[in-house]
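We just call them A, B and C in the order they show up, numbering each chain from 1.
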Amino acid sequence: VGLTLGELAEKVGGEVVGAADTLVTAVATLQNAGPSAISFCANPSYRNMLSNTRAVAVILRQADLDLCPVAALVTDKPYVAYARIAALLHPEPGFAPGIHPSAVVADTAQVDPSAWVGPHSVVEDNAVVGAGVFVGPNCVVGPSVAIGPHGRLIAQVTLCHATQIGARVLLHPGVVIGSDGFGLANDQGQWLKVPQLGRVIVGDDVEIGANTTVDRGALDDTFIGDGVKLDNLIQVAHNVQIGAHTAIAGCAGIAGSATIGAHCAIGGGVGIVGHIRIADHVQITGMSFVTKSIDEPGVYSSGMPAETNQTWHKNIARFRHLDDMARRLRAVEKKLDHE
Amino acid sequence: VGLTLGELAEKVGGEVVGAADTLVTAVATLQNAGPSAISFCANPSYRNMLSNTRAVAVILRQADLDLCPVAALVTDKPYVAYARIAALLHPEPGFAPGIHPSAVVADTAQVDPSAWVGPHSVVEDNAVVGAGVFVGPNCVVGPSVAIGPHGRLIAQVTLCHATQIGARVLLHPGVVIGSDGFGLANDQGQWLKVPQLGRVIVGDDVEIGANTTVDRGALDDTFIGDGVKLDNLIQVAHNVQIGAHTAIAGCAGIAGSATIGAHCAIGGGVGIVGHIRIADHVQITGMSFVTKSIDEPGVYSSGMPAETNQTWHKNIARFRHLDDMARRLRAVEKKLDHE
Amino acid sequence: VGLTLGELAEKVGGEVVGAADTLVTAVATLQNAGPSAISFCANPSYRNMLSNTRAVAVILRQADLDLCPVAALVTDKPYVAYARIAALLHPEPGFAPGIHPSAVVADTAQVDPSAWVGPHSVVEDNAVVGAGVFVGPNCVVGPSVAIGPHGRLIAQVTLCHATQIGARVLLHPGVVIGSDGFGLANDQGQWLKVPQLGRVIVGDDVEIGANTTVDRGALDDTFIGDGVKLDNLIQVAHNVQIGAHTAIAGCAGIAGSATIGAHCAIGGGVGIVGHIRIADHVQITGMSFVTKSIDEPGVYSSGMPAETNQTWHKNIARFRHLDDMARRLRAVEKKLDHE
């Protein structure tokens, strides 16, 4: 089992330099590659590992070819080629379709004959499990949920009622989609629950990381666009809209009714307040707090970088009086002007 | 099925302007209302949508009545009235009581005959499941847990041993209550686990969002007061006390033994350090870091708003030398004084 | 049931002052101790509670002995002694080994005869469940996972394929280990999934809190060292390495390929960017954002402490022009120098 370097080049593009019949059976890092593994060099900082690699071949850019002691697959996008080759050499394990005897599937649910429903999973009334879908162990597919073709629920995933999932969606353990949004009306000091009546609509080719939560809309729906990638432990509140091909890193929180554009990259731990709009192609660096709409593509930040505790304490003490400092500076300027 | 505008006014209060016999069957947003839906206008920024709405009636304040092209329910608190009407028109689906054959219920557990225990749920020794409680699929109700009347565990909820849940508590998927607190004693560089022997006590009318965790007390108990509302992905550490009718938004973290007052509103991503006290009626805005006790009601903040990356970098570079800037400003002031 | 103060001193060290035959049956706080309970005084701020305690004995330092109205166990490390005594007086409940009839265990899995697999748990192909392991209800032990001796999976834990767990590891509800890392290659604006082929290796004596997630490595493995303690709702990304005896508080996020040293203490809500190294014995205070490698032991910070909203707004407005302020200060200094 494996493919030759030539066959790989045919499938993913790129130019072979060296023996096209080199057999490749696995992918590996430059540092830890064993015999018959192909590695990649996409980041200049790993260049110095090229000379000592024991990989049989390396995927790299033309500029790094000189440093490569073995066969190479030359391409402008080594990381993309690597991703494709890794998927070819290490395909997802297949599965036999069917319903595990311990699964509980409602009579009114439709499970495609090519789908799998794993042990202790529950598929409730009027749910639709599409062609080639894999529902792993201990999942809950709620009433009237629809899962498009070739979706994969790894394990312990919960899809609440009426959640709509597109094609080829990958949901990691602990994901919750369609839970009630945080809708509260304050009635003389007590919180009255506002019924959450919308749904969550998830597009095609979406991936959602472990223990991430996406709330259903209050009235209209929450939308996750095609190709969106969410990392672990992210909170997506009710009526959020996330544009196509946007990626969000772990521990981010998106408050209610925020609209995020397409092709955005949101860093880890970022907070986005509710009811604002973020344009397409916006990048937000880690632990920033987005408090206003962003209309222009670009990079935005507010994460405070750590310093030694001693320096930090001194600066924080000054920060508390920054307004005062600014006034004093103005006073000094005036005094100098009048002299 | 539905109610007339007059019937709704009778049940939730407010004055009907227009045809009291208008039939209302659903709630909807101003923008997306279809025939026979009632909408609401609680926020001045949605006023401009009034004129084009296709709702049959709108819940609104007297001041907005002029702009309303259809029948109206006039009230001082349109959002509260809306929440009540939404619950009337879209009631929670009922359920037939019983225990699903796949559920595992200990002989010593007491499940009220009016309760439901769903598929693949586990109810352990000496647990008590009260009247009208709904335990959804794949839940774990640990030993000696008690769930008060009309509680709802949507799915995949875990209640660890001896957790006490009040009446009408709503727990969303992935909630964990009663897990061990993070209690560690450092013994010559290694962490020794401190047994966590307290419980979690949850009051009445509490709602807890998806994948939120509440740890048991180390010795005494962790308390969640009546009417508290917790959003998704919140961490409540051991021995925290949260006062009645406090609401906390997603991704917040409350460290051990912090005491939060009643009627507080804590924003998303807020961090609260351990062993401090926060007074009643305190509001903390998103992504703030509360490091000291707060004795006075009011609004508190420390979230840093995002700017363009370029501006941010410049300001951060200066912030690193803020203490030095303050000293230099003082020196300048002295020099000017002496001239 | 219970031990005398003398017996406790023999087992955990320390010197008895008062009646060595005092019977102790439980641990409790100074404030809430009932008859026959032992309490402890490790923190000077609790000293004032000594005089009124109803505990039969108190674990404390020599310096606090004068204030103690009852028998005492004198030790330099009262909290460590307390932790040991609490474990002696309140041992974990035992369990009868076996496999619950509702559990689904693959034919090729090996479950040690001294282990327990609870209701609705799933143990997949080639998994190994070691001696004395407790797998609670609704857990998923994926293919080729190995759990070392005396591990405890409380409930709803998911271990994805090939995860390796050391001895005496404690995993709280909702923990997910071995989920796919967030590996994406950008191909003309769309995100291509990079197969995640590494594993997670967890050392001995590790504890991981509720709903915390640890992703598998992209190619090489993610490592959690011996004695590491992770609190709730922490995200550990792919290829992170955490050194032995490091503790991380709730809601922290560690980005991909970050390497954290041994004996570190990382506060709640901290964010650590990817591909950096943190030395041994580093302490990072709550809600800091670590953006660069840290080479020296010490304390590091960047959390911004909350102030009143009014003060905050003023200072933030100035912060936006901090670079400008710095330039103006420099101009003033120059002007003064030239006079």
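Just so we're on the same page, a contact is a pair of C-beta atoms (placed from the backbone, for glycine too) under 8 Å apart; a residue touches a chain by one contact, two chains touch by 3 or more.
All of these numbers come straight from a predicted model, not from anything done at the bench.
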Practice task
Working from the CA atoms, figure out how many degrees subunit B turns to land on subunit C, in steps of 5.
Solution key: 120
Practice task
Specify, for the interface formed by the sequence copies subunit A and subunit C, whether it is same or different in terms of residue numbers shared by both sides, with half as the dividing line.
Solution key: different
Exercise for the section: Between subunit A and subunit C, tell me the centre distance in angstrom, where each centre is the average of that chain's C-alpha atoms. Expected result: 25
Problem - Contacts with 2+ other chains: residues of subunit C - result: 102, 120, 138, 156, 174, 211, 233, 251, 269, 303-305, 307, 319, 321-322, 325, 329, 332, 336, 339
Completion exercise
Counting only contacts in the complex, subunit A reaches subunit B at residues 102, 104, 120, 122, 124, 138, 140, 142, 156, 158, 160, 174, 176, 179-180, 182-187, 189-195, 197, 211, 213, 215, 219-220, 233, 235, 237, 251, 253, 255, 269, 271, 273, 284-285, 288-292, 294, 298-305, 307, 311, 314-315, 317-319, 321-322, 325, 328-329, 332, 335-336, 339
Handout entry: Contacting residues of subunit A [partner subunit C, same complex]
Key = 27-29, 31-32, 77, 79-80, 82-84, 86-87, 90, 100, 102, 118-120, 136-138, 154-156, 170, 172-174, 207, 209-211, 227, 229, 231-233, 245, 247, 249-251, 263, 268-269, 286-287, 303-309, 312-313, 316, 319-323, 325-326, 329, 332-333, 336, 339
